[in-house]
Amino acid sequence: MNLLGIWIASFLTLCIFSFLYKDNPFFRFAESLFAGVSLGYYIGQEADQTIRPNLIEPLRTNFAGNWDLLIPALIGVNLYTRYIPKANWWARWSLAIYVGYYVGVNMVQKLHGEVLPQMQSTVVPLSLSAGPMGLLNNLILIAGVLSVLIYFFFSLEHKGAVGLTSRVGIWFLMLGFGAAFGYTVMGRVSLLIGRLNYLITQWAMGTVDALGRLL
Amino acid sequence: MEWLNRLMALDRRWIFLLVAIGTALPIIFPIGFKVSVTPPAKALFDRIEQMGPDDVVLLSFDYGPSTAPENDPMADAVLRHCFSKRVKVVLLSLFPIGGVTMADQSLARVLRDFPDIRRGIDYAHLGYKSGSQATMKQMGEDIHRVFPTDRYGMALSEVPLLQRVRTYDDMKLVVSFATGIIGEWWANLINAQFHIPVAVGCTAVSAPKYYAYLQSGQMVGLLGGLKGASEYERLVIDRYPIVEAAYTRAGLYTAIKGMDAQTIIHTLILLFIIMANVAFFAGRGRAAQAKR
Amino acid sequence: MRFLRLQLPLLLTALAGLIPISAFFISENATRVVWMKDRLEKYMIIIASFAILLGVVNVVQSNIRKIERRQKGWPYGAFLLAGLLGMAFCGIMGAARIGPFQGIGYTPDGGRTPFQYGAEFMFSPLQATMFSLLAFFMASAAFRAFRARNVEATILLVAAGLVMLGRIPFGEMILGGHPFLARLTDWMMDWPNAAAQRGIMIGAALGAASLSLRVIVGIERSFLGVEKSE
Amino acid sequence: METMGFLGPARGGRRDQARAAPVPSDRDVAGLTLKTAEAMQMETMGFLNPDRLNALVLFLFFCTLVLVFISLARRGGRLYIRKIAGLNAIDEAVGRATELGKKVLYPPGIMSLDENQTIASLAVLGHVARMTARYNTELDVPNKDPLTFAAARETVKEAYMAEGRPDLYNDRLVHYVTYDQFAYTASVTGIMVREKPAANFLIGSFYAESLLLAEMGQSTGAIQIAGTAEIAQLPFFVCSCDYTLIGEELYAAGAYLSREPAQLGSIKGQDITKAAVGVYIITATILLLLGSGFLRRLLTIE
């Protein structure tokens, strides 16, 4: 059973890799299967990890204490009214509640969890106590943050001093993007190593092993 | 100058092919580029090196299959180190998607070379528990209550090793192999509250974040990505011949091999960039001449 | 009618948005508000779970249509449906704990449930392989994009090149074992890169908050499909 | 960010974070006893959470500015907004698709409506859909998140109505693919190579798939306009797309395209807040240099 599974997995792996050469029926097969299997996978996950523990179990064990969970169930079901021609705009209510809630959550989260701490860590001591290099670093940090912020000014024309500063902001952005790109290459290469290693050690060597045992 | 144009418009499938070869070759034929050991990796190694057979280390598998190529080799290397040193090990997983499988597989790989290591005496495997943060805190009060049975269904009170391990106080070190936030929780939550030393093996992408914890003393060691793992492998191999034998076995995936591939790919990409720029400037020079 | 169609959705958005905001600023011992917020959080998870079927209905409908009409590539639609139905069946039976479908992970004795088998030998490898394609595209993107066309592109190129060199033993070899490049890499990540990220973050956070406010007061409503003219 | 890049969105992002406990504060670490003592103290302190007063001040400051400028703009104040290249290129992109008789592809990101970037993306989608309706160009909106899918359908439908072309709209324009990040990526790249859209819009919240989509689209010769606030993904979009909306530009896009005074007013308010943030940082830094960390401490969050 295990070796069969490894063969299936390896076949599908090769199907996907074949796309690098060009689009072909094997890739299309794997792509379609992947779309189906993954959707099925999340149906299973949602049923077992969300609907069951968060809705069914609480209702089953203590209906009186959890009857209100029927409200979100109703809001959820309301999404399907789109298929009823006469009521096809009811679904808006569900979307409105969902979006409204998270828009509110995000608003305070962004202001409190991002703006304040990022501001605070930009306020750094401009003294020589950390050595000349420390001072330079702190200056770079402040200059970088402020010039990038200027770049994002929409209601000012980017001319003159503003234009110059925003240009510096773009340079900071490009430097950051370049560094981040180079930095990420490493993690991505290890993913490929992982896949090729699977093909070589699990599939090729595993099959040779199994054949050896058979003989 | 025709070749310049052709280079500029190089079919990217040639690049793909070179990347594939550059990655596959070192897995089959290891090169072994020299790896320099950084202080955070050495610090973790030294700490375990100072321990004896009575000491217990907790290994938390807080990653899943997606980052296994990076995290697996570190877990294996640390596990091999502990077993060579006869330090007792308790394993568990707090990562919901496939974490416990990672622990199972790592254990299986390493045990092949340590036939005399006994389950329940030299190591114990607690399995997976959800609720990450809450679970971690409860373990500070009583591990036996959090994990009524071990991974194999045996009551904890019947596992010899665990009879003397009930809280973090009974252990010398936590090492978390982490892909996400769980590693940070060990450092900024468990270390702060229970004062047990923490080391983390993390992915390359998240390594910069962990340096801050290292600097502030919330962590005693750090293995960052494949590079960190290869450093630890190097340390263990140089110190223990039995491990060296294990690492030379064909077909075993190691971070040192991974670093070989990494080095080749980085060099390859850099060469591509240089070639592209040479062609670009040569092309521009000609265009300028033609204009004149 | 007009109220139900137009005003009610906008009103619901505003109300739903104000609850987490006020809960955030009100002290934690105002237990009612906190309770309500926690409850709402649970609700949202359940609502989102219901939505997934909405997608499934669409996928099943369009693929059945494809197969019925024998449209180009219809066999792929059949593969898709087979994968979907097979996996979903194992998952739902597992969630309900029926017969041999005891859960969706491993069985207590370490064996695999059917769902786990599909996840481990089809879903995971497909996912990991798609993810690993990134290594190839990184290389081709670098080849094409990193050309010193202007000042900006040059900065991008130099920063990327130095960091890549600093992350491998080869970089050290060039400099005779000196870890200068590795340190330069760390410096670039810690200072200029951090500054750029911080600038983007503050700007984006303000932008997001402004969008939130526009949604709450009902100026931004594209997501509802509420007609501007209404 | 690795989990966010891979597992996070695949499992539904914010909803998982909501399920996990929030990042601990010092108070949590100190344990329960302290908490009750503090709770008692807070009861006497009143209704507001004292730890969050600084956030409340920022919140009120921000809201006031934005709302004031919205109402000023509504009364007819003229507002200047600088050119955003990526947004001006939308016309060109849709125009080219129309000329070539090819489709416009618009994946609205992979996150749900709990992410503001998705809302921002839908605002741009509304604009793009109105253009495709006007020029009778084919539009294709593949979706990963089911709620985003539901909302995108409403957005596109309303755009076609608003342009007076309900005849051109059908539910197949906006379709659902799958809930998995990489299965979705595989399908969308499949669409790219098989149907060769003339314009790809990659606007919204994208993670690790950003580079796969952008490179694949690049290889088919499409005009690509990207936009995201996911900092880790910006380098890839910048390298592989013709235009990239960076961070705040994405959030401002809907307002910019709508040209509605109220929307533009909110951007002005946002700009003033940004200026205030800059001034605060400079002042606090100077104060720190003079030996007072007061302004810096005010920013501390619990």
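By letter and in written order, the chains are A, B, C and D; residue numbering begins at 1 in each of them.
Basically, a contact is a pair of C-beta atoms (placed from the backbone, for glycine too) under 8 Å apart; a residue touches a chain by one contact, two chains touch by 3 or more.
Just so it is clear, the structure is predicted and the values come from calculations on it, not from any experiment.
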Higher-contact pair (C-beta pairs counted), A-D versus B-C: A-D
Farthest chain (mean CA position) relative to chain A: B
Middle chain, criterion being Cα centroid separation: A
Distance from the mean Cα position of chain D to that of chain C, given in whole angstrom: 13
Inter-chain centre distance, chain B versus chain C - centres from mean C-alpha coordinates, in Å: 25
Centre-to-centre distance between chain C and chain A (centres being mean Cα positions), rounded to whole Å: 4
Multi-chain contact sites of chain A, meaning residues that touch two or more partners: 16, 19-20, 28, 30-31, 34-39, 41-42, 45, 79, 92, 95, 98-99, 102-103, 105-108, 110-112, 115, 119, 122, 142, 145-146, 149, 152, 173-174, 177-178, 180-181, 183-187, 189, 191-192, 194
Contacts with 2+ other chains: residues of chain C: 21, 24-25, 44-45, 48, 51-56, 59, 123-124, 126-128, 130-131, 133-136, 138, 140, 142, 144, 146, 156-157, 160-161, 164, 167, 189-190, 197, 200-203, 206, 208-209, 211-213, 215, 223-226
Set of chain B residues in contact with two or more other chains: 12, 16, 19-20, 23, 66, 203-205, 227, 262, 265-266, 269
Chain B residues touching chain C - in the complex, by the definition given at the top: 10, 12, 15-16, 18-20, 23, 33-36, 65-66, 98, 101, 153, 204, 208, 227, 259, 262-263, 265-270, 272-273, 275-277, 280-281
Of all residues in chain C, those that touch chain A in their complex: 5, 8-10, 12-21, 24-25, 39-40, 42-57, 59, 73, 76-77, 79-92, 94-96, 103-104, 115, 117-136, 138, 142, 151-153, 155-164, 167, 185, 187-203, 205-206, 208-209, 211-213, 215-216, 223-226
Residue numbers on chain A that touch chain D, as the complex places them: 16, 19, 23, 27-28, 30-31, 34-39, 41-42, 45, 79, 82, 91-92, 95, 98-99, 102-103, 105-108, 110-113, 115-117, 119-120, 122-127, 142, 145-146, 149-150, 152-158, 173-174, 177-178, 180-181, 184, 187
Interfacial residue positions of chain A with respect to chain B in the complex: 20-21, 183-187, 189-194, 196-197, 200-201, 205
Of chain A, residues touching chain C in the complex: 1, 5-6, 8-10, 12-13, 16-17, 19-20, 28-48, 50-52, 54-55, 68-69, 71-73, 75-77, 79-80, 83, 89, 92-108, 110-112, 114-115, 118-119, 121-122, 137, 140-149, 151-152, 169-186, 188-189, 191-192, 194-195, 198
